[in-house]
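You will see two complexes here that share subunit A, one where it goes with subunit B and one where it goes with subunit C.
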Partner chain A sequence: MAAPALLLFGLFGLVPLVGVVALSLARWDGLGSVGWAGVANWSAVLTDGATWQALWLTVKVMVISWLVQTPVALALGHFQAPRGRLRALFAVLFFLPLLLSAVAIGLTWQALLDPSFGIGATPGLHWLAKPLLGSPDLALYTVIFVIAWQFVPFHALLYQAGIRQIPTVLYEAAALDGAGPATRFRRITLPQLKYTMVTSSTLMLVGSLTYFDLIFVLSGGTGGPGTATRVLPLSMYITGFQAHDMGRASAVAALLVVFGLGLSLLTTRLSGFTRMDSQQEGM
Partner chain B sequence: MSTIVTKTRDPRTGNDREGAAERPVTAPRPGSLRRITAVGALWRALTGSATLLWAAVVVIPVYWLVITSLRSRADFTAGSPLALPGHPTLDNYRTVLAGDFTTYLLNSVIVTAATVVIAVVVALMASFAIVRNAGSRLSRVSFRLYLLGLAIPLQAVIIPVYLLIIRMNLYDSLLAIVLPSAAFALPITVMILVSFLRDVPRSLFEAMIVDGAGDWRMLISLAAPLARPALMTVAVYDGLQVWNGFLFPLILTQSGDKAVLPLALTLYRGQFGIDVPATMAAVVLSTLPMLALFTLARRQLVAGLTAGFSK
Partner chain C sequence: MRGIPISGILGTPRIRGAVAIAVTASAALGLAACGTSGPSTTSSAKGLTMWALNDQTILKESVDAYNNDHPDEKITLRLFANDDYKQKLRVAFGANQAPDIFFSWGGGALNDYVKAGKVDTLRASDVKADRFTPSVMQSATFDGKVYGVPANGLAPVVLYYNKKVLADAGVEPPKTYADLLAAVKKLKAKDVVPMSLAANSKWPTLMYLEYLLDRQGGSDVFTKIASGDASAWKDPSVTQANQYLQDLSKAGAFGDNASSVSYDQGASTALLYTGKAAMEVMGTWEYANIAKAAPDFLAKGDLGYTAFPTLPGGAGKADSIVGNPSNFLSLNSATKNKSAALTYFNDYVLNDSQVDAYLAAGSVPPVNGLESKLATVKSSSDKAWLTFVYGLVQNAPSFQLSWDQALPSDQADPLLTNTDKSFLRQIPPAEFGTNMSKATS
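What follows is the complex of A and B.
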């Protein structure tokens, strides 16, 4: 009964995981036959400054995204946790970005941030009439902001669910002891949210390796201006599917695999995802 | 013991259960929480204003998207971006619908439906096997493999998948999107279904075994009906992911008549060029089906996004 799933997942999930390493040692233009290249791709990729720049941008996007999204999501989740009509309305509003595809979001923001016809043309908002996506200095931060726009609602939901799971008796006991709201937040809410935070962070960090669609669309497929937003996945795509060097692209992709697996091994170890027993015990 | 997912259809706790993943024993009672809210008024005001601010950040682009799609091109270049259009028009929608939109829509529907059916059925079987043989080594190893799958970025394996699809002679077909999409939906689907099924009381299965039922019988007449809320949840969640998926269609298809909606949106950008209102109309149209799904299945969707992740 487990066979169909293992077959499907094995064929398209696990085989490619090995395949990407094999292809990183191959010469292939994406159309013709696959030949042997040895470590040529690796030495080319590892000595190329562009790889390191892409890696650096990826780390930068990852870290800044985490720093921006976590506090906002935590605050929103904290606000939404108690039940109420107004909060339910906010929950619906916050859900909207989750329904839009990354492409839809990318096209919308690209037009919205257009210096001539976008939001900067609104009276009073002229300070926004800057080439936010066209300037090498601003583009990456703009991308990080749009990423936050897309994903903060999801993480707010996680925190909301996490906060709702905290036993009320803890707060009642603390209130009896005279603890104020800030103390209760710091001493009860934050520690009780440990696993939620690890989960949310894992998804955020590993997810940031997949911010491809949005950046692809926002930068018109180039990772530009120049290479200002060319993160690792985009660099892989451009090398493989535009420059037709699948071997080199595979070496970049293998870097992504190592990165992703390392991150998640680290975080799943912390979160205890791999426990086979029910997550409901131990509270 | 009730599970995270069953809780969402629990009739006891009234409305607004989105993301309500609390356990029966520890569920906060609304009354007591409200009292705490009164005490923490200042704190609430702080997070409240942050929420308002972010609500504006979320809503303004969506509002702009909708009103822009109702503008004429002249109105777009002349009017103030956030003002309501002077002469709202549906011309942009007519333009989009007069093209190949229905083809793209149909492709998206086919790809999404096929992927969801394959992923959910196959994942249910796997989850059942994993839970029923929870002690066995094979079960533990396969579960860990799916968890590992959660960490594999699609982009990282797209080149070998591309090679596989070419060698399977599936390149530029809808099936080329369906199979990898289903495979990559499996980790999260299995994870949620396993966390649901392992809380089904053993005695129910044992009673069926006493009655002489085999594995298939137990799956079809016990596990599947019991897991219905979880199945709905993962179906909606997977559906949303596949509907919005871009990378597989971008790389594994080529012809315009095989394009799904997200890919088609990038084609529109090329086609309409500077005609932003028409592109925005296409964006709105491509989102409407998901909005409809959300209206119908909001609870399931939110539960799907939080179940298994929370805690």
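What follows is the complex of A and C.
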């Protein structure tokens, strides 16, 4: 059973990865011949302040996104979990962003946040007519907001499913013991959602390493203003496909892989995901 | 990131991109899939392939005309979205699967291909090069050899203004930097944005630097930079140009929101014709954009245009221009059907009917001796505009290609990023040249 999976992983996972590492040791502008560069690309990438700034921005997007999305997704999931016609309607509305492509979302928000013609032009909402995407101080947070708008529905869906899995007997027993809604949430829902939370968080954290398309569109393809939103994947793209420095871009890509692997290992280790056992245990 | 978008009054020159962006992401993943359409036709003896941008509708007509006359040696034209195109072309050339004829912006980007030995030299006699405007041909001439023929309209950058807004504020179109500063003050008092700028897209900001340097230091400074002399970035006039840009920004010339405005959504154009902004510095394609988005504004005669103001004590000439001279068609050096390609370049590219088509679309092709044709244009607003652009280019002692196109592609990103940082005043004026000099060497 494992053979086909290994084969696929080897073909589409390992082979390109080895290719990228090899290319990171080469000099290639995408046009001429490929030349040996040794560790020149690596030392250039690692000594460039811009790389570390991009990495820092990536970490910032990751952590803040997690901090923003988790509580909102949990609250939404909790609200949607009980069955009901109105809730179903709300759920459909909430899930709308999930159906749109990142490019459509990016272009829409770019238009909405335009200070002259966007939301800020509506009477009564003039306080919103600020250069949210144009200010070096605000742009990153605006991007994080749009990312949250796009991905919260997905995580809310996970939490909704998780909550529906919790046996109702637990709540009935707690109610008999006189536990209020808050206590039930804290003592039953949250602990029972442990693995859902681990799954959701892992997806969120590792997924934020790939936030590229949305930021690309929102910043006009430049990671601007200045370099305020140039996260590592975007920096890789610009180096490779705009500056045509494939060697250096490959070094950045390899750096991303290392970072992603480390992050993955860390989340699974910290959360005890590897020892994951039945949620029904101790019932 | 920029093309010369000429698709005429009916086109949507710069407002593309949405789809292009979607494809760029997949381009990163699908390298192997790109350019697979090239090889079969390149290797066959009959027929040619040609790649261009999908807004080049008039160019397409020339291919159709050629194909009608040469059914046994047809050109297969493939059109691409802007951002997608540059990458596809590069990958295709890297894999030796490039088209026989390809469309480009001239300048440093084309020179990348020339230096890699991918482009064929065109002898002047092969393509009747003397019919084209000489300053335009410069962008496709390297080491004295010609590598492309111009294939669409001239696109110098000019200063547009809203006549009504300027009149309401009691301001004349600025001719000098002092005029401009005074106008900014008066316009600000009237609560309009003095100059509409799509700084989110970065390259519109670059247009200011291009003109400010050209007016301050003369065209030689950038010509030196473009020739690969990194030390020329440290010329005092580069710092001075950045100083002027930052002074304008500090004076509130661009309003508070410029860095949120993106060009592709048409917002900066809209600011001008809705009267929320008074002026805009932009390429000549903006005329077609305005004609499409606000025909009434044009019909009322509210759109004004003039040359970029002069600087006090600047060494540059007042009638020098910057922008995109034209787009070019070049010949793949690996082509098997050179004679057919030359026939096409010679007899179909910017021939008489093509020139008429471009003029009808509000765009001036880089061809000499258009005076008699211009005199017969029917629409008076179009006629005034075409005559203005034609005169501007004919009288210009130099026509500097946009920096992001003139420089090799590995310098384009540092250029745009530093321009943006200078505009945002995140770096002092002198640091722009220092950073660029570092990025170049």
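We take it that the second predicted complex is superposed on the first by the 256 of 283 C-alpha atoms of A that agree within 3 Å, B and C clash if a C-alpha of one lies under 4 Å from a C-alpha of the other, contacts with A are read in each partner's own complex, and residues count from 1 in each chain.
Please note the rule applied: a residue touches a chain if its C-beta (ideal position, glycine included) is under 8 Å from a C-beta of that chain, and two chains touch if they have at least 3 such contacts.
Source: prediction; values computed, not measured.
Asks: Who contacts more of subunit A, subunit B or subunit C?
Replies: B
Asks: After the superposition on A, what does A:G226 contact: first (subunit B), second (subunit C), both or neither?
Replies: second
Asks: Is A:V217 contacted by the first partner subunit B, the second partner subunit C, both or neither?
Replies: In the superposition, A:V217 contacts both subunit B and subunit C.
Asks: Contact-wise, after the overlay, does A:Q165 reach subunit B, subunit C, both or neither (first, second, both, neither)?
Replies: first
Asks: For A:G134 in the superposed arrangement: first (subunit B), second (subunit C), both or neither?
Replies: Touch status of A:G134: second partner only.
Asks: A:N41 contacts which: subunit B (first), subunit C (second), both, neither?
Replies: A:N41 contacts neither subunit B nor subunit C.
Asks: Which holds for A:I238: it touches subunit B only (first), subunit C only (second), both, or neither?
Replies: Second partner only, subunit C.
Asks: Regarding the shared-chain residue A:L107, is it in contact with subunit B (first), subunit C (second), both, or neither?
Replies: It touches subunit B and subunit C both.
Asks: After the superposition on A, what does A:Q69 contact: first (subunit B), second (subunit C), both or neither?
Replies: A:Q69: touches no partner chain.
Asks: Counting only touches as set out at the top, which of subunit B and subunit C does A:L256 meet: first, second, both, neither?
Replies: Touch status of A:L256: first partner only.
Asks: With the touch criterion stated at the top, can you tell me which subunit A residues are shared between the subunit B interface and the subunit C interface?
Replies: 30, 101, 103, 107, 111, 114, 117, 212-213, 216-217, 237, 240-241
Asks: Hey, which residues of subunit A end up touching subunit C in the complex?
Replies: Listed in rising order, the residues are 29-32, 101, 103, 106-107, 110-111, 113-117, 129-136, 212-213, 216-217, 219-222, 224-227, 237-245.
Asks: For subunit B, which residues count as touching subunit A in their complex?
Replies: Going through subunit B, the ones touching subunit A are 1, 3-4, 14-16, 18-23, 26-30, 32-34, 36-37, 39-40, 42-44, 46-48, 50-51, 54-55, 57-62, 64-65, 68, 76-77, 80-82, 118, 122-123, 125-126, 128-130, 134, 138-140, 142-164, 179-180, 182-184, 186-187, 190, 195, 198-199, 215-216, 219, 240, 243-247, 251, 261-263, 265-266, 269, 276, 279-280, 283, 286-287, 290-291, 294, 298, 301-302, 305-306, 309-311.
Asks: Quick check on the complex: what are the subunit C residues that touch subunit A?
Replies: The contact residues of subunit C facing subunit A are 1, 18, 21-22, 24-25, 27-28, 83, 87, 90-91, 93-94, 112-113, 116, 118, 199-202, 256-265, 267, 270-271, 276, 409-413, 416-417, 420-421, 424, 426.
Asks: Can you list the residues on subunit A that touch subunit B in the complex?
Replies: Residues 1-2, 4-6, 8-9, 11-17, 19-20, 22-23, 28, 30, 34, 72, 75-76, 78-84, 87-88, 90-104, 107-109, 111-112, 114, 117-119, 121-123, 149, 152-154, 157-158, 160-162, 164-168, 171-172, 175, 180-182, 184-185, 195-196, 199-200, 203, 206, 209-210, 212-213, 216-217, 233, 236-237, 240-241, 246, 249-250, 253-254, 256-257, 260-261, 263-265, 268, 273-274, 276-280, 283.
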